[in-house]
Structure formats: structure tokens, C-alpha cells
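Order of writing sets the chain letters: A, B, C and D. Residues in each chain are counted from 1.
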Amino acid sequence: MAGNSFGQIFKITTCGESHGGAVGVIIDGCPPGIAISSDEIQHELDRRKPGQSAITTPRKEADKIHILSGIFEGKTTGTPILLLAYNADMRPEDYAELKKLYRPSHADFTYTQKYGHRDFRGSGRASARETLARVAAGAIAKKYLQEQLNIEIFSYVEEVGNIKTDIHYANVTKELIEKNIVRCPDSKASTKMIKLIEQVKKEGDSIGGVIKGIIRHVPAGLGEPVFDKLSADLGKAMLSINAVKGFEIGSGFSGTGMRGSEHNDEFIIENDVVKTKTNYAGGVLGGISSGEDIYFRVAFKPVSTISKQQNTIDAKHKTVKLSAAGRHDPCVLPRAVPIVDAMSALVIMDHYLRYKAQCGKN
Amino acid sequence: MAGNSFGQIFKITTCGESHGGAVGVIIDGCPPGIAISSDEIQHELDRRKPGQSAITTPRKEADKIHILSGIFEGKTTGTPILLLAYNADMRPEDYAELKKLYRPSHADFTYTQKYGHRDFRGSGRASARETLARVAAGAIAKKYLQEQLNIEIFSYVEEVGNIKTDIHYANVTKELIEKNIVRCPDSKASTKMIKLIEQVKKEGDSIGGVIKGIIRHVPAGLGEPVFDKLSADLGKAMLSINAVKGFEIGSGFSGTGMRGSEHNDEFIIENDVVKTKTNYAGGVLGGISSGEDIYFRVAFKPVSTISKQQNTIDAKHKTVKLSAAGRHDPCVLPRAVPIVDAMSALVIMDHYLRYKAQCGKN
Amino acid sequence: MAGNSFGQIFKITTCGESHGGAVGVIIDGCPPGIAISSDEIQHELDRRKPGQSAITTPRKEADKIHILSGIFEGKTTGTPILLLAYNADMRPEDYAELKKLYRPSHADFTYTQKYGHRDFRGSGRASARETLARVAAGAIAKKYLQEQLNIEIFSYVEEVGNIKTDIHYANVTKELIEKNIVRCPDSKASTKMIKLIEQVKKEGDSIGGVIKGIIRHVPAGLGEPVFDKLSADLGKAMLSINAVKGFEIGSGFSGTGMRGSEHNDEFIIENDVVKTKTNYAGGVLGGISSGEDIYFRVAFKPVSTISKQQNTIDAKHKTVKLSAAGRHDPCVLPRAVPIVDAMSALVIMDHYLRYKAQCGKN
Amino acid sequence: MAGNSFGQIFKITTCGESHGGAVGVIIDGCPPGIAISSDEIQHELDRRKPGQSAITTPRKEADKIHILSGIFEGKTTGTPILLLAYNADMRPEDYAELKKLYRPSHADFTYTQKYGHRDFRGSGRASARETLARVAAGAIAKKYLQEQLNIEIFSYVEEVGNIKTDIHYANVTKELIEKNIVRCPDSKASTKMIKLIEQVKKEGDSIGGVIKGIIRHVPAGLGEPVFDKLSADLGKAMLSINAVKGFEIGSGFSGTGMRGSEHNDEFIIENDVVKTKTNYAGGVLGGISSGEDIYFRVAFKPVSTISKQQNTIDAKHKTVKLSAAGRHDPCVLPRAVPIVDAMSALVIMDHYLRYKAQCGKN
């Protein structure tokens, strides 16, 4: 109800401010018997971690994950799983200047309007640090989907500013994605992207981009029409990530200019299996997975925190100058890749369990 | 859970297949004391109705709304409201040929995969006829928001195929939108759009487009971070509409190429009120409404039903030829405008009540 | 949220006032492929129907059920099922005197306090007529549980006023229950109960009693600790029925006087199956079904509507005399038996699907 | 869905096994601006703590509460609140003998049936230690209700075994309850109860009893018919507590023997306020609070853990002897009083916010 939960059967509830005691998540409804170690969860978290490369923020954060419940003798018990990453001690005086200030395009103003007061340290609850809880929960979902159903989930940076890769998603592998620090599987494009990000960093500015998400081997039948279409829930999942302003699946916005005769995906039989000749639909028909690859694109705006000087106002409605102290990401996309992966895993996991509930075998 | 409900406090559950007994909706959680007549609901439904103009399907459907509960002496009672539109009698033999066939880019295949069998008459539950239930429920939400909070909701056709209006949303009025049958407030663009749709109709084909949604005067503070961000719930709402493949809010995909210094919306004071100089955010900061106009774009693919001949397969995996009998919309956008309006109203209404619950006055 | 839904996966939402257009229910999340006819649903409704015997209200109500969606070619489709019973025309002037009056122990006062105004005709939404929607939905759940899982659900009148049967539930059959109009499987006690009800009726008064509910062959493993214990959800289900003031499972209140050594149910092996020697637990251990019979008791107060004259107040806070026009049930228990059955079926069905979702086979 | 959450707007999700890393709770949907200190929460926890008196278990548990998020500068922020009590280190070998054994009337068997494996240390998730999370969350709700709405919540031990107090709840004060270690406000009865518990303890046995719950000054209008009646949600809340087997509100089971003319609560005017002459209803009419005192009774079975020798079986279906090592509560009721209080507070808090959402002022 208050917006900190995601999923209906595999349900996560995240908690924690950037500089409070901890950031964490309770996963309720996890199937019992999944073998999972804290190392496996940590592996995903490390892909999201600040300071991992020259083009991310040099800020160091304690992202070490602790399992406090729900896993016993190395396996999930079916009871709620609590995962926590404690926050490092912060000097509150570091944030004193932000206390009374509304940073442009940040949530300072809207949180204050909504709740009356706010934890102003490091953006509080609006900090992207919250997403580590999603990545931790997603790691368990991802493992289950991979092992039990052979579902493969990955994503990569397709655009940074105006630099774009034209590699086709069918040719992308996880190894290619991790080959460079920008997480673009196209080595030429990635070099340009890194250069651009370094340039933006030097300018004290930030830049946006697009991440492409891929989900392979989803069985036909997942998704709950009419409101919880698989495409709608993927869209919501992605739009709930900080800085995301757009989502499109399959042909998306580019399909709007096509004729139906061109856009319709003809059904064919391949090795006795129903397939489609093209896949403009992006693997979802009428809100339900068709068995074809699911692919979608997620638009990230340039992050709001920049060191360039800006005008803004304070709580007393006075105009003031703001120059952020720095140590922020010039481009969040490389670190957002594991977040997109996690949200994909959470959506598919939940829809798989919903499918089992209503349509599965007795 | 099974996907036929939307909203958490102002919660609607729709039911009904295209050619079953009726299409309907229960609204649970409606505030008591709202004066509403069936005429007011019917008015919105008539904007969605088939056969309303030369560029929509000539098919006639009985969209007359009946109020069966929850409204007494002209006012909502706070108890569940049941709204129904009975379906006209259909000759099942009209659909005999579709029984065993999977139409390209339709939900025939995926419904069968999911549920084992399906109501094949007129697409059954996957029919866009279901959206009349949303429009009916949205009419009540819209009235409440307008009367109680002065919130104004409207949308219009911004693109059909490659024809686009460049009118700014701030200059659009409801009257301009309803001035022509394509529901584009720009008379020059609308003429071209109508021509294109007529052309596509002649070809037995279909065409997609983009609808722009606008919500004015939303008070600051609506939206529930971190998952139920206002932007995320608007996105889900729109992506749950038949044929929608993309959603973007504020600068959306076009903002990804901008620098932060350019994209950040500077806070200013206007008449003692906090405003922003620009509004690339689209009225939502950190998932919470800022008080600025909310605007977004919704991508509709070309509808799958075309009369041009296509290849497909049947349930026995034989390749067959399909020529739809016709009487379908060459372009759904003009009729989708009230659906976008309704979904906007449902999202804002629900988030307003959620705000009241947690942060409202005692 | 607003309280008109029950269940999480097999979710029903009821609607309708006593004298509005109709009373109905949407069932969302029903497994596809269940063969069900309107006759089977009607059969359960007829057990709840007013006017069925000399000891129920002589009032005639149109309880004919209509299936408007979700069932196609005799089988559930997995999409929402709408069941409706239209209300007979009522002369509103019949209720004119109740308009401004708060009947003792009725919901007139509290509905007015909560919602500001109310549908005063025949108790509006607070009417027990709403329960027909539960019975209709329960009929589908009951059939599924019986056919798929061999789960047997029944209940009977154990007490009317101070008359009690001491027949053991293990000896009760459905046939015995339906053998007499009071639905008590003990013929001696039932004769006394009928006599008492006739006496009370003559006095223009009403009388309460206790219904015992039994659920056999529930597989071990249903129930979701810690809050949605099977016992807690059964309790809520029963306490949501009009006029219910108490619920106990297994030994209930009588177990509070026992020692642990006496009350503990010793595990034993019978035909290689784990059983318990006694069953004070009532088939639920730690909130999860054990495989033993589930049994519980539901306390119904004497219904509030009596024809004896009473004092009360009106909306202007004036004291007035009230003599109800009559035609009400002197004892609701015989007609409440199918309602208890329905609620049992809805709880078990929902928990079975929840079990499948998290712990079922892939 | 998996049963570890309670409430819809003020929603708590508990986690943690008896001997895992911690027991905790996330509260989502808490109104912002409530002043609350960890001392205030600790105060309630100390009333539930083991080892607090001669008649509770001598076992020492670390029940120190830690606030990890959602409270900033001493006030709730409206974001999720994480409260944790870390578990003391346990020697797993202490539980080795319980590993393969199903203790009578414990949840060992049913957890294993449901989930396949279980955390067997100290009953794992089925341990009553979980309830500390409820008490912690309830402390915040209780404070809000007291300060904002003057709602008073308390409960006390009314029966232990066959010893009963006949003090009327209207004469009970919080001070009287805390005057003795059994938490019965009647000093004579309490002396007998303590004697009985000491006797039972000596025998290595356990004994049950009844707790009475009282809620004063609830405004008329809380409760959501038809399923989420205030009485139904209170019932569910209490039945979700370990060892509870029965619940009754108002006249409860004893009202079933009364006539309607006797049981109906006549409306009267007192100081211009609508009151009822009697209160057999227990403060709830048609599922909605009437403004009268709410009172109810909760039946606790004798706890299953006893040191007397018992027969049971192990996982290999062999019959074995079991003598629990001791250090358990001979009677849980004194320590259950704050749990009943907490569940009352959680129900009323959630229903108050639900009322605000639908029926509150704009």
C-alpha cells in the first residue's frame, strides 16, 4: 500500500535510507529448498557497487550482504528471508547544507511535501542505494529461474547519450556484457561510451542512456490479463527504478509507424514447436508470454546530481546556488544493468508462481 | 492476483468476455456521497463506442451502462458499485472458423497455452471490449477528481503512423480535442491523420500511433516510493491497455541524450508558490507528484486484426490462410483516448486516497 | 481494502444491496477447466433461500443465479466469473418508516456514521442477502475441492438456544443433516430445536445457536504462518458472516481448562500414515493443516429483527417505538449452514492454491 | 500471500526464526511525524520478555530492540521502519535431538510436510519469539492511537485453568493489571492463579486460560463490511497468536442462548450522544464500530512444551519417548497480554487509516 513492496507471491519489501542503520529486504513467499549462499547474492551486488570502475562514483559503500533469516543449512526454508547491508557511519554534518535545500530534479521537495519532514542525509529513502535490496532479492529469483526453468536473464547498455550499439540482442552473451566497464557488449561502441562518460565527468555533468533487457526461455503462459499483463508489470518494474523515464517492449515506439500487415508476427512451426517468424511483439501477446524472447528498452535520464553550479531554492523559498560536493556517477547505466536484471527476475519469478497457483498441476 | 483488478483503495475488478453475457466492473472503495448519474458514465462510454465515426469500425455494440449496486438516490454509498453493459446476442457460428486458429499477434495462442481452453468468440476476454468497464469506472473517478480537487485529465492523438502534431500540450483544451473525429487538437495534422486512416482502411490494413496524456493540478505529494511511484503506476496502467507497447513520461526517451545540467528542472518561486522553470520531469520527482503538469506518451502498435490475407497456423499446427471478415478499426487511437483518460483517472484517484490514508489529516 | 473481497488467489468480490438491482459476485483466479453448471450453483443457493421451510422467514426472494462471464461451454475459463441474482422489485414506501430510524443491534446507525448516508431498504448492504453471493462462489470451490482433492465439507446445527446435540461429528453424514428442516443430524435434538424455534416465532422473538463446521481429507500443509494460519483465516471467514459473535477450533474455549499433558495430541502411525491419537488441535498445528479432520464451532447471536415492540431512537435523536413488520427468521441457523459450508470451501480453496504457488510441483 | 504480513495500510511483515540471526519487522505505511523512541518500544517488549517473573520461563532471551530505518530525529518519516532484535548465540547441538522428532501438538510435523525441511532450532519460525516483532510494531500503533485519537487499549488474564475473575472490564485499569505477575486485575483471583501455575510448573505440565481484550474510545465508523468486519479482523488477529484456539466478541458463545428481545442493545441518548443501554454487541454493529467499548475473549490452550514424558514419533515413523529439557512457560497467558494488546492496536490502527482513505476529510 505504501509502495515498498513488489510482487504478489514472491513478494519483496525493501527498507532503509541511504545513511540510516541499514538497507534491507524481506522476501516473503520464496519457495523452500533453493540452495543459495551469501556469496552468490554478493556477486550480483558487486556488479551494482559504487567505486567498481573509473566511470562510476569513487564513493565507497559497505554493500556486504547479511542473511538474517529464512535460510537454513544453505537452503531457503519457505519462511521470510531477511537480507541486510549495514550502512557505514556518516558524519551528519556532511549533509547539513542539504538539510534545508531542494536540489533540482531530486526528490527533496516532493518528500517534504508528502511527509512533512525527511531524512535528508544522502537523499534518504530516495537514494539509489535502496536498489541494492532489489538486487539482493533478485539474485535468489534469478537462481531459481535459471536452475528450475532454464530461464536466462540479462541486460546491457545500448545507448549512452547519442552513442548507440546496433548489435542484435540475439548475439549478446553475458560474457560480452561484462567484458568492459560500461557493460555494452559491442566493443567499438563501448569505447566511445566510456570516452563520453569521462568527458561528461570532467565537465562536472551527467548523461543518460538506454538499457536493453532480455529474457530468454520464458515458457508460454506467464502474465495475468487484463491489468497485470507481463508487459505492464515489466514496465512498472523498470519505471520504479530511480531515473527511469521510459519503457518500451518489442517494437515499442518505433512500431507505431508500421502497418499491421508488416507488424503482425506470423505463426510458424519449427521442429514441431509453435514459433513466430518475426518478434515485434517482444515475446508477449495479449499480456501473456508466447515463448519467444522477451526484449525491452529502458530510458534513463541524466542523473540529477552534478557538480556544476546550479540555481535552486531553499525551504524558506530563497533562491540559492548549489554546487554538489561531487563523488557521484556521471552516468548510472553501467551500475543499473544488474538492477534491470533483478527487476526482470522478480517479475518473472512472481508471474511464474502466479501461473502455478491458478493453472499449474495439482 | 489473477490480474483483473486495478488500484489498491479505489479498486476496480473487471469481468466479461466480448460475446458472453455482459462486460462489467465492480468498484470497491469508492468514497461515499459522490453524485453520479448513468448519463455521466454513458457520456464517457460513447467516446469509446464502436461505430462513432467514419474512421472507426462500423460494428455496432451495445454499450449501454446499467448501475446495479452501490449508488442510491443518485449518490455513491461507499459500498461496491456494479456497472454492467450487456452484450448483444451473437451467432456463435460467426466465430466457428476462429475456433481452432491462432491469429497472428492476437492472444489466441497464449490464452490457449495458459488456460487450456478459451472463449474464442470475438477474442473473448482479450477483446478491447473489456476496456469499456475501465472507462465506466474511470468516469466516476474523473468526476470526483474534478469536483473535489480541480484535477483536469485529458489526452489526445499526437501521432498516427508518421504524422505528428507539434502543438504544445499547454495549449490544448478538451474542446479542441473533440473538434474532429481523430481526437487530435491540431486541425491541420488531424486532417492528414484522417486521410491516412482512410487510406489504410481501404488497403484492409491497420496503423499505430501515439497518444499524449495530460493531468493538470495534481497536488504535490501523490505517489508511493519506492515501487509504486506515480510514474510507474501510470506506466503500468497504460501498458495494460490492449495494443500498447511503450510509455514515457516527461522527457522520456528523448531525455536520455541530454546532459544533467540541461535536463535538471530549476526550482523557482512564482507568486509565492514553488514551481520549476522547465518540466522535463513530467510532474513527478522521485516517484511523487511535484504539482507541475504531468504529461506522458503512450505507444499503440497497429492493431492485429486486418482484412488483408495472412498466413498462420491452426491448433493442429497446420499452416492456413486467414482473411478476417473485416469491420475492425483501421486505427484504434481515436477510440483509445477515453481509455487513456480513464486509466489516468483511476491511477490519480487511487493515489490520492492512498495519500489521504497515510499522510492526510485526522 | 474496502472489505468486499475475500481470498488472495481464489478471490471473490461481492456486491449488491438487499433491494438494489442485484446481488452478485466476481470470482477472480478460478482455475480453468472446472465443469460447473448453474444448476449446481443453484442447488447450494436453494439451501440458503428464504421461505424454504416452516421455521424460516416466509419472505420470498428471487435467488435465481445467472452466469454472465468466465464460464464457456460448461467449463471455467480462468477469467473472472460473474454470478448475479437479480432482486425483485420492491416498493420503496415499504421502507419509508425505517429511513430515519436506527433499529437496535442493526447496522443502520454504524453505516450512517461511517458513510454519511445509506441505502435503508431492507438493510441495504448489511442484509444477509449478500451471503447468497458467497454461497454461489463457494459452490464452485466446493466442487473443485471434492473432485480434485476429495475434500469433504459440511456443517450442521449443533445448538439452538440451550438445546444441544451430543452426536459426534465423526458420525455425521450430509444425508443426516438434510433429513430435517433445522439441519441438525440428531433427530431427537432436531425435534426439540424445531419446537423451540416455533415457540420463539410465536412470541415474535428470535433465538441464537451454534453451527459446527467439519472439513475432511484436507492434505497436510495448508495454511500460511504466521498471520494467515488456517485457523485464523477460518475464524475470520466465519466471523464475517452476519450475526456471528464467536469462533473456536478444536478444543477451543473448553481446552483452556486442560493440562498440556492431557491436551497434547500424541503422534502415532496408522497404516504407515502419521496420525494423532486425539485431535484436540482440530486438524491445525502451528497454523498448518495436519491431515486430521478440521472441526470448529461458530456462535450466532439471536437475529436483531423481531416483531416484539422495542424502544429505539431516530436520526433526530428522538426516542421512538419500533415493531418490525415481521416476515423474518426466528432463527437463522438452518439457513446459515450452507453459508458456513461456503466460507469453509473458500478458505480451503484459497489456501490450497497458495500452497501450490509456493510449495507445489513445477 | 505467504502469511507473514498483517494489515493493509499500516502493514507489518515479520521475519526471523527463534535461533537464526534476528527476529524483526518492517512496518510499511506508518504515518509520518509520530514521535517514538526505542525506549517506548522496549517498554512493551519487556512485558513480553521471558524470565520476567517466577511464573514465566527462566530462559533469558535478548529482546533488545534496534531501529534500523524509518525513524529520523526521533520521528517516523513515513518510509518503512525496520525493527530488529538480534538472537543470542545458540549451540546447535542443544537441538540435535529435536532434529528428527515431531513433538506432540507442535508444528514440527506440519512445517516439514509443507516446506520439505525446517529450521528445527527452538521451533524455528513457529516459535512464539516471533511475537516480539508484533509487540514492537504494536507499540508504535498504540502510541499513535492514544495520542491522536485517545483510544485506550489493554487486556488482562481473565481465566487460568478453571480459576476465573468476575471483575467487570469497566472497572479495570492498566495499573491494576500490572500489579501482579499474572496480569489479572483481581487480586484474589490472581493469587489463586499464581498458585495454580506454580503447581502446574512443579508437575512439569502446562495450563491454558482466557485473556480479555478491551478497546475504549474507538470512534464510530471503523470496520469494512462485508468481509473485513472489525470483529472478523480482530478475530483473525487473535487467532494468529500461537496457542490461541478461540475468540468471541461481546456476548459471544453465551449470547447464543438468549432471545433477540433480551440481546438487542437499545439505542439511547446520553448527553446528546447516541449510546446503547446494554452492549452485548461488544462495540461492533454490522462489522463497524459503534463507539461503545469493544471487548472480546481469547482462548489459549495449554502450551505444548512440557517436561513430563510423552510418546511421539520421529521422522522415520518410529515411536519414541520425549522429555523436554524444560525452561518453558507453564502458562503463557501473563506474557501473552502485551501480544493481545499489540494485535488490537494493529487492527484498530489499520482500520482507522482505511477509514481515513475512503471516508475521511479531503
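Here is the rule we go by: a contact is a pair of C-beta atoms (placed from the backbone, for glycine too) under 8 Å apart; a residue touches a chain by one contact, two chains touch by 3 or more.
Predicted model only: the values in this text are computed from it and were never measured.
Participant: What's the chain with its C-alpha centre farthest out from subunit B?
Facilitator: D
Participant: Weigh A-D against A-B on C-beta contact pairs and write down the one with more.
Facilitator: A-B
Participant: Among A-B, A-C or B-D, where does the C-D interface recur, judging by over half of the contact pairs matching in residue number?
Facilitator: Comparing each option in A-B, A-C or B-D with C-D, the repeat is A-B.
Participant: Quick check: how many Å separate the C-alpha centres of subunit B and subunit D?
Facilitator: Chain centroid spacing, subunit B to subunit D, equals 46 Å.
Participant: How many angstrom lie between the centres of subunit A and subunit D, each centre taken as the mean Cα position?
Facilitator: 39
Participant: From the C-alpha centre of subunit A to that of subunit B, how far is it in Å?
Facilitator: Between these chains, centre-to-centre, one finds 26 Å.
Participant: List, in ascending order, every residue of subunit A touching at least 2 other chains.
Facilitator: Within subunit A, the residues that touch at least two other chains are 1-5, 8-9, 14, 29-30, 32, 78-79, 114-116, 125, 225, 354, 357-359.
Participant: Along subunit D, where are the residues that touch subunit A in the complex?
Facilitator: Those residues of subunit D that touch subunit A are 1-5, 8-9, 11, 13-17, 20-24, 26, 28-30, 32-33, 66-70, 72-73, 75, 77-82, 84, 114-119, 124-125.
Participant: In the complex formed with subunit B, which residues of subunit A make contact?
Facilitator: Contact set of subunit A toward subunit B: 1-6, 8-9, 14, 102, 104-107, 109-111, 113-116, 125-126, 130, 159, 161-162, 200, 203, 205-210, 220-229, 231-233, 235-237, 239-240, 242, 244-253, 255-269, 272, 274, 276, 280-282, 285-291, 297, 299-306, 308, 310-313, 317, 319, 354-355, 357-359.
Participant: Quick check: in the complex, which residue numbers of subunit A touch subunit C?
Facilitator: Within the complex, subunit A contacts subunit C at residues 1, 9, 29-32, 78-79, 148-149, 225, 353-354, 356-362.
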